[in-house]
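The next part holds the structures, each set out as structure tokens.
Consider the two complexes below, in which chain A is the common component and chain B and chain C are the respective partners.
And now, the complex of A and B:
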């Protein structure tokens, strides 16, 4: 390579910088134009109109809060009343996260380049995961409720299937960032594929698996609450009944919202605690140099 | 100029740095030596305010650095550049951008987010890279460079800050002997030509002897030696490293000749097994 003078390097680099800046400006202009254009189109198609509807946006929450506030002394009673259905909802979410997570783990190892035992299956299995993610869980649940009758089991299967698709993809992305050196080390001692995965890959990626799994648990709690709307039981069914306008049950709806909120907070807090334990080991005084 | 008074950092019951006192009157090249875990890194990190001190004061030109908050603290950090063992560059950005990061304290968040650095700064960044002999790598990503080159990019970032002090935390511990020499010589040149104060944590005695005007030895958080390299006898070195009579300077050396001896020794051991 020929030695370049400093001024030549400076000129070359400045030319690159100018090119990047021009590209960035063009992208910014296109972005703003698309945002404005898209908003106008969407607003024209809207029945009500965005700007007219905006002031009314807070009417529903205001109603809920004012009703709940005026009958605040009833809230503890509602917590007790709806607690069993909350447990049912959490149960659906927990069972589906566990099942979906385990299946997703296996799938993720099968679709990760460099780890998969059967490389030509990577493509087809990835498409399977895509399908599982593409079909809305409410559709699967409706079909299953039609076949199996209402109740928590169809909801659990529907959410678990979606979870396999979502966690399979996320886990396989985590696997891609795992170092292959321990795997090679285990291969050198004659370990089988399952042994290599279980002892070489899983210890590296377990903290990330756990945090994705617990995030999915949160999402699944919400999903199983929504499936209650279509007859899968749990707290969603109660929420639909109390939330309908004109029944004067907004205070009960508020209690259900609060229950869901506290559940998410508890899951979130225990998630970060568990994750810290897993990454840094149990709380022992570590010395930093 | 720089006065460190009774500086202490405690992690629970452990004192990483225990009532350290250092006075520096004029810019010098200072080497801090000691075993791993002796508190060298913690001392440097407290100077740069990456770590907060438990008690004590760091006075620089009459101002207590440990009490600075918010933008005053960030301003101090910009005057007190830090070089790390693992370089701590942004791997996916090009070399010049990494050097330009040295100016972040002077520029607004908005202009830096969109990479709108002034042309003079870009020119100066490339001149500094040229001074360190790596200008031809200017447009490459930092991660594409070798360890020695990356450490020189880190030094360029430090110089871009136009700092009064350069702190180097084990700058050569991840480098091979040749690159270690280049990096240490660059730091020495910066001290001699620009008159900046350089404080470097070093693992090895011979590097400290060769490049530093003054050597500070730490053992278990305490300063146990402070003097010129000539005053650093084998006895003093044994105190610093907490070693017995079998200790020799070669054991801490990274120079090529002594390395060869070590390799020969290892070969002997391998044969005898």
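And now, the complex of A and C:
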């Protein structure tokens, strides 16, 4: 080693720190410029400007709340009236999560190295999952509404397809951490592929699957409400109808807002409780997909 | 534990396992049966529109050219997809149409349609010559056979013939032929551009001769496919995702401190901050979109703000959880050097949580690109708006296909980009600050 005096190390270190600081400052300036430029662009392209709209931001909620307040006695009736639609929205989310989860499970086993029965299919099937994950639900839903007419089925298929992509990937990441010993043990006694997966892999990964499935259900409830808004049935559809009616039906809109809000909160809370229990109280970081 | 009790507990465990193995699939099956009934799946077969399916599928990969004769003044016009933007200039025609006093349309496979002075004829090989005479009294048609086959639809005022080669419709005022061909016609240049129909090599040589700018502007300003508008819409969608995600992160970071147990000793403040997050998340993007579009009108700003509000809730929750997990030792170390509170946060806390926060924020960037498409479709902005517009015309399925492909590519690119940025930033952070 050449002579490394303390002062040499210090100057070297300070130079590095300076360089790092300069880089960070440049990155920060670029980021701020991007944010401001983006904000200005978005503002220009919007029908109403940000600063013009800001004072009006609370007008609409105020209208809705005052109308709902003046006819507060009707709200329970509206809750009953729109409850079936809420059930439909929940059913769309639940059915698509189940369907997508089951298909995603099969797909995940087919794309996990070491478990896949046909190794050369891993690459292509992963691309299929990537594409399924990349398509926004609304795209499939709108096309299916054109073909099948309105109603819950297009929404269910659209959400289920996206769910296959999202859960297929997450499940395969879980599978990769599964121990192969039970699988090998089963293989040595002559178990087929299905038996090896069903008895050797699934019991190991089921809690994680369930946890991801519940998280998906939370996401899918929201998606199902949004798809209703573009004509796929459920509470979103009612919301759009009451909204486009405008003044005079805002009390009904308020009832729907409340129903949707409480459903989302209840589902979020109970699912996060269940997920915590599944992972034995260790509050893992949420995985977002 | 004795052998007997061990065996007994194993036996009950097995019993339970077996019961579960039977019950869970049964419950799922029952639920699907229930869904089958309430969603009226059996009625689905009747609701499927075969006609729509056929239009969609064939339109997605093929296009049709309309040759139309106005039966009142005898004028003939030719237009791709029947659109004004795709109309052939007066006196020009594709090679399969012979203009003149009689217009001959060759549909291929010896199918010939002739627009005469008064008569419109269609010569179908293997069937014969159909002669129609549109006039004031209706459409008088004569068929070579007495029995009219099912692919011909004839009434007093309208005759419509659909064959594999194309389609002829004659009404009192109009005679129209559709000829189908593969591909997305006019994708690069419209008919009024001098570069239409040029091969790639020829184009390249033109570009080398200093016409590159003109070629590009003809392509970019293509009225049929509107490449400039589409590119802008994609940019707008990504902009919405970018502004929404990072704006939310900037707002959520200080709020996250307020909701973290180890930074905010005041229980009341913590409780309030957490309820704000729950509220923002619970109201959900859909409702935020509706509320915001009332104030700001349709556009990308509304979309960004909707994403921003929803994600402030999600980020606030995640950030506060990350902050509760920070290692106190680093902060103590910084404090021992006499650092003030702000410096303690900057050098003791931020470096610890940056990798966690950045990776979460970048995950959201990709998923918000998808949300921005959806919000754009609801509130009107970006590629989502173009997509809903194209779908609502119910005939531009080739454009719908194009947009869907672009959306998928856009989301996948954002996924790759955010993954790349994540590995880059988080790796770059290891070397200290």
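In the analysis below, the second predicted complex is superposed on the first by the 197 of 289 C-alpha atoms of A that agree within 3 Å, B and C clash if a C-alpha of one lies under 4 Å from a C-alpha of the other, contacts with A are read in each partner's own complex, and residues count from 1 in each chain.
Just so it is clear, a contact is a pair of C-beta atoms (placed from the backbone, for glycine too) under 8 Å apart; a residue touches a chain by one contact, two chains touch by 3 or more.
Model, not experiment: these values are computed from the prediction.
J.: Look at A:20 in the shared chain and tell me whether it touches chain B only, chain C only, both, or neither; answer first, second, both or neither.
T.: So A:20 meets both chain B and chain C here.
J.: For the overlaid complexes, name the partner, chain B or chain C, with more touching residues on chain A.
T.: For chain A, the partner with the higher number of touched residues is C.
J.: Taking the superposition as given, does A:12 touch the first partner, chain B, the second, chain C, both, or neither?
T.: A:12 sits against chain B, while chain C stays out of touch.
J.: Output check: A:204 vs chain B and chain C. Expected answer is one of first, second, both, neither. What do you get?
T.: In the superposed model, A:204 contacts neither chain B nor chain C.
J.: May I ask you to decide whether A:261 touches chain B, chain C, both, or neither, giving the answer as first, second, both or neither?
T.: Second partner only, chain C.
J.: By the touch definition above, which chain A residues appear in both interfaces, chain B in one complex and chain C in the other?
T.: Common interface on chain A, chain B vs chain C: 20, 285, 288-289.
J.: Within the complex, which stretch of chain B touches chain A?
T.: On the chain B side, the touching residues are 11-14, 16, 36-42, 96, 114-116, 119, 122-123, 126-127, 130, 135-136, 138-139.
J.: What part of chain C is in contact with chain A in the complex they form?
T.: 28, 31-32, 35, 38-41, 44, 47-49, 52-53, 56, 236, 239-240, 242-243, 246-247, 278, 281-287, 290-292, 294-302, 304, 318, 321-322, 356, 360, 363-364, 367, 370-371, 373-374, 377-378, 381, 384, 387-388, 391, 394, 400, 404, 407-408, 411-412, 415, 431, 433
J.: Within the complex, which stretch of chain A touches chain B?
T.: Contacts found on chain A: 1, 3-4, 6, 9-10, 12-14, 16-17, 20-21, 24, 285, 287-289.
J.: Which residues of chain A touch chain C in their complex?
T.: Residue list for chain A touching chain C: 20, 31, 34-35, 38-39, 41-43, 45-50, 53-54, 56-57, 59-61, 88, 91, 94-95, 98-99, 102, 130-131, 134-139, 142-143, 146-149, 151-153, 156, 222, 225-226, 229-230, 236, 239, 243, 257, 260-261, 264-265, 268, 283, 285-286, 288-289.
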